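Same chain, two partners: subunit A is paired with subunit B first, then with subunit C.
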Partner chain A sequence: MSARAAGLVACRNCGQVHQLDTLRCKRCDSTLQSRDSQSLQKVWAWLVAGMIAYVPANLYPMLLTSTLTDRSESTIIGGVIELVDYGAIGIALVVFAASVLIPVGKFAAIIYLAVSVQRGSGRNRHGRHKAYDVVEFIGRWSMIDVFVVAILSALVQLSAIATINPGIAAVSFALSVIFTMLAAQSFDPRLIWDADRTIHD
Partner chain B sequence: MKVDFPPLDDLVACPQCDTLHLAADLPEGTRAGCQRCGHVLMSTQKTAVARIISLALTAFVLMIAAISFPFLALDAGGVRNATSVIDAILAFRNGLAFPLAIAVGFFIVVLPLMRLGALIYALGPLVAGRKARPGARAAFGLAERLRPWSMAEIFIVGVTVALIKVAGMAAVTIGPAFWAFAGVVVITILKDQLICRYSIWEALDKARA
Partner chain C sequence: MTDTPPPGPAPMHIRPAKTPLLQRLSLVWVVPIIALAVSLGAAWQTYSDRGVRITITFDNASGVQAGTTEIRYRDIRVGLVEAVEFDEGLGTILVHARIDQDIAPYLDADAQFWVVRPDVSVRGISGLDTVLSGPFIEGNWNTTADVAQTNFTGLDRPVLTRASQRGTIIQLQSDNAGSIAAGAPVLHKGLEVGYLEKPQLNFDGSGVVVSAFIEAPYDRRITSSTRFWDISGFSVSFGAGGVALNVNSLASLIEGGVEFDTIVSGGDPVTDGQSFTIFPSEQVARDSLFVDPSAEVLRVAVLFEESVTGLVRGADVRFQGIRIGEVSEISAIVVGEGDLAEVRLQAVLDIQPSRLGLGADATADAAMTLLSDFVERGLRARMVTGNILSGSLFVELAQIEDALPAIMARTSGRYPVIPTTDSDISDVAATAEGVLARINALPVEELMNGAIDMMDSIERLVDSEDTRAVPSSVIALLDEARGLVGSEELQAVPAELRSVIVEIDAIVARANDADLVTSLDNVLEVASSALVNIEQATRNLPRITAEIETLTVRANQLELDALVTSAASTLDAIDAFVASEDTRALPGSLNGALEELRAVMAELRAGGAVENVNTLLASANAAARAVEDAVSTLPALSAQAGRLVSQSEAVVASYSERSRFNAETLATLREIQAAATAVSALARAIQRNPNSLITGR
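Right after this comes the complex of A and B.
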């Protein structure tokens, strides 16, 4: 039986159970909501923002490198190709996973979760819950590339010999990661489990 | 619908799927999961609070060291450039990227320190068997809410990637702050695994002033 069916509401922050009409948790003072009715709206809004920010993140340069002989700009994909050229295949895979596979996979997973909840689907709940857990857990790791840019730009400042500076794509990439993290956090996983419950409102 | 319930304080609702359970005392070293979706609801570990506090204090001191000492240095063609963690944050200080400098500062230094500080503040008196400090609940709630935004471990992986990119073009020296930062990451992960929200909220309830 769910807390809602029993006329109760649980605090998602600390687990304390209250009567359904309680507004604030008596234990940790956070706001109580039996189901976040605006959950999907927020999810879609943050997700769209995240997807939009991901476009310039790929088109504009992440790193601006200048050495004695030349200047170059590299995008996210360019950085991965460079690593492959060095022979650092493992690291190239890590960066590719963090900057391309995880963000794109996250967009797809969040769309899938939101659409299936909107349709009231009762299929494969454990699988969808797992997908939600993975998205929540793995999303932050996309920040790797932003930190790589930070360290490289701070470290490689050898006046005329070589300098590396951050490109504007670092900002839009970071925004994209932050927006999709917020999209995942706005999703109320209890909605997945409601499909086959009779809800007493 | 009216059912006879045990006192509300004895009930646990799964935060992930809202299924109600009756809380029970767990044997030492076991964990209890949600019957429906499997989310871990509580786990018990002996003297967890004391270990959380000692790990949090260690991580806090290491983090201070990590931002004070040189992090990495680069040598090429007679030119040397040393970098601290703060320099890495300031890499984004110019132009449009400035807000990113603030965000990165929060992700890798400010939020990790806030989490540690809040935990020490909230749980410290409990170890000594004293009453909880005012605001202890708010502090613990904050520490848990900040968890996804505290990205020290991701930063250290980013540093590794950067080192490999640079290794080909210049000699890199690893400074003491690098090891301090790596220590913060390992200790934070160990500490977070010890945190069972349910037991800590119960402990905070018992120590209520």
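Right after this comes the complex of A and C.
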């Protein structure tokens, strides 16, 4: 039994339940939609945009470090390898997780959710809902890289001796994270359960 | 809910109307499309901007790092090294680099690359900035784009001439590069106007060629008549002109360098690559201006019989002081045949016809004709000392008066021969010896002894108590004088003098009355007759002198035989004569007479009485008589001297040569002569001034 089957529609913002044909929430005035017909489209669109942005984020340098004698540009993976070379494996793992594992994991999770909804699969609906919650929650932590770059760039501006500037990758990476978060948000988790309905109807 | 179908009509299969694909598409799709477009755009931009990849081959690429080392052109970054690797044989290092798109077309065949590192040399420190930033690769190419290349060979050393510099590159040739280093300066009037590149062997290995870059606008100072010379290190020249030491800048002392100057005008402007010779010194360079290396040279030989030590190759050949050529060869050749064969030393002279005044394009034949003509008129070759210290010689062609007739002929050997004359060689050793011998002969020791004696005497004099007492005596004397002057008596003198003068006036008035003048006349007459006698007596003296002279002449012809025996007696006789009472008495009696006169005069002055004047005149008369008497003995004296002379003559006649005795004789005779002269002088004095007998002066 779903709200839709009962002729009702719940506001996704405040949870107020309305008649199915109500257009706007009478409590918070947000648009009411029983099912977002374009949800999957949006998910795919944001996901593709996020993945496109993730390519230059990895190819271009993240940090432009120039010191008195040296001038180096490091990409994300390059930075991780450098950290490993210096023996800071712990930090390397954190950076690697935040910059590579989480974004890539999110791409994979969203693709899995979207594909499973499209195919109307009814298996493991609880697991998929949990996965959606995790993706939604963890998405924002991917911004940790961007914050590090922003803080370093702001603090290390010692003129000729040492300066750190953000590279193009920093912007790309931030965009990638934002697009991925939007993709996750565009996903209507109720679709997970609709598949079950169609099967049992 | 039941499983039975709900009542009412069967549910309608409501199929939503097919909406067009475009309406069903979400607007969100715009975002990935933009993202894609931007990404692709950026990728394309990066790809198209990434520049041209070139490869530079280095033997040594120390310090070059992929991703860090820059390629610079005129100190501006134009590329970055992407990779550094070995080539297949590990022989060289390949440096791959990206060059900016807009620069790449200029990288044609003339592009050069080298690694810039810190460099410390005599001329300064360069590339210091690479100490911190690490080395970079510097490129040099011209500003015209030609066929672009991607493979280059790196240089070991920086090139000195940048493509952007304006100037002229010329080639300099030298015998050796011992004094020339890459980067050595080219000076003009002391200004650094260019530098030398690295010297290289010329194509046949017989010399060294070095490129020199002369900066604009100084390159306009170079013409085809410009001369370059070496200014490396310092030079000491020791020639006929003396010793000359030349030292240039410290840098040129170590690194070498060349200087140039255009001394004569009229040369053609130079173009890139024109070749010049580096002369060993400025003097040689300047001399070379007047020698056209391509001009014909007349070679003639000179055969010397004496040693040619000191004559070297390159020694000057001078004609009336002007250098007309040089000695090009010295060798020994055999002249004549069989028993007459002898070795001569042959010097070959290279004579510049133009120096003989024949004009710039004179031929050797013309010079030959001229020289032959000169030789017939007495031109001869000889060696002359150029420098007395070094003993160097040069060959001089000189016009010799009354030279034996000769012609210029090819008697032997390959060259016509100029006849020689005696050489004019001053030997420094012989000259110095003569000088030393003269110095040796100087009576230095006697002079020193004399000086020492004199100083001793002075010392004794100064040391003596009398001398020391002098100052105090002088002071005492002055004191006394002061006392005397201050005495009242002396002060009273002027008044007394005045009264005396009044009295004298009176006396003079009375003297006029007493007919004093007549008496005086008498006195003077008597004195005058005395003088006549004296004059007669002295008239004989010249004769005596003449006789003595003849005696001296004869004495010169004396023989030595009777010398010893006769000498003593003669001298004795002379002594006796000299010591005789008459001789000695003569001055004495004269003196006495004069003393008397003086006493009378004193009395006259002291007395001042007119009455005494008559007695005075009488006394004067007597005195004059006494003089007369005394003088009357002079003839006798002369006669005695005459006898003595004849006696001496007899004795001395046996003498032949000058000897000690003879000398003594002469000395004695001279004394006699002197005595006679004294008498004569006295007589003349009296004659000239009879009044002196009266006044005592």
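Operating definition for what follows: the second predicted complex is superposed on the first by the 196 of 201 C-alpha atoms of A that agree within 3 Å, B and C clash if a C-alpha of one lies under 4 Å from a C-alpha of the other, contacts with A are read in each partner's own complex, and residues count from 1 in each chain.
As a working rule, a residue touches a chain if its C-beta (ideal position, glycine included) is under 8 Å from a C-beta of that chain, and two chains touch if they have at least 3 such contacts.
Here the structure is a predicted model, which means the values were calculated and not measured.
Superposition of the two structures on subunit A leaves subunit B and subunit C fitting side by side, clash-free. With chain A used for the fit, subunit A forms the apex of an angle whose arms reach the C-alpha centres of subunit B and subunit C; rounded to a multiple of 10, it measures 100°.
By the document's definition of touching, neither partner reaches A:L20: not subunit B, not subunit C.
Legend: residue contacts after superposition of the two complexes on their common chain; A:W141 is shown touching subunit B, with no touch to subunit C.
In the superposition on chain A, A:L93 makes contact with neither subunit B nor subunit C. In the superposition on chain A, A:F179 makes contact with subunit C only, not with subunit B.
Of the two partner chains, subunit C is the only one touched by A:T69; subunit B is not. Judged by the touch definition given at the top, the superposed model places A:Q41 against subunit C, while subunit B stays out of reach. Within the superposed three-chain model, A:A154 lies in touch with subunit B and out of touch with subunit C [touch as defined at top]. Between subunit B and subunit C, B contacts the larger number of subunit A residues. When the two structures are aligned on the shared chain, A:V55 is found in touch with subunit C, with no touch to subunit B.
For the pair subunit B and subunit C, the model built by superposing on chain A gives 9 Å as the shortest CA-CA distance. Once the two complexes are overlaid on chain A, the subunit A residues touched by subunit B in the first and by subunit C in the second are 168.
Chain contact summary for the complex, subunit A toward subunit C: residues 38, 41-42, 45-46, 48-49, 52-53, 55-56, 68-71, 168, 175, 179, 186. Only residues 24-26, 28-29, 31-32, 34-36, 39, 42-43, 68, 132-134 of subunit C touch subunit A when the two sit together in their complex. Here subunit A touches subunit B in the complex through residues 1-8, 10, 12-19, 27-30, 34, 82-83, 86, 88, 91, 94-95, 125-126, 129, 136, 139-141, 143-159, 161-162, 165-166, 168, 170-171, 174, 178, 181, 185, 189-190, 192-194, 200, going by the rule given at the top. Looking at the complex, you find that subunit B touches subunit A at residues 1-3, 5, 8-9, 11-20, 36-38, 41, 72, 74, 76-77, 79, 81, 83, 87-92, 94, 96-97, 99-100, 103-104, 107-108, 137-138, 140-141, 144-145, 148-149, 151, 154-155, 157-162, 164-166, 168-170, 172, 197-198, 201, 205.
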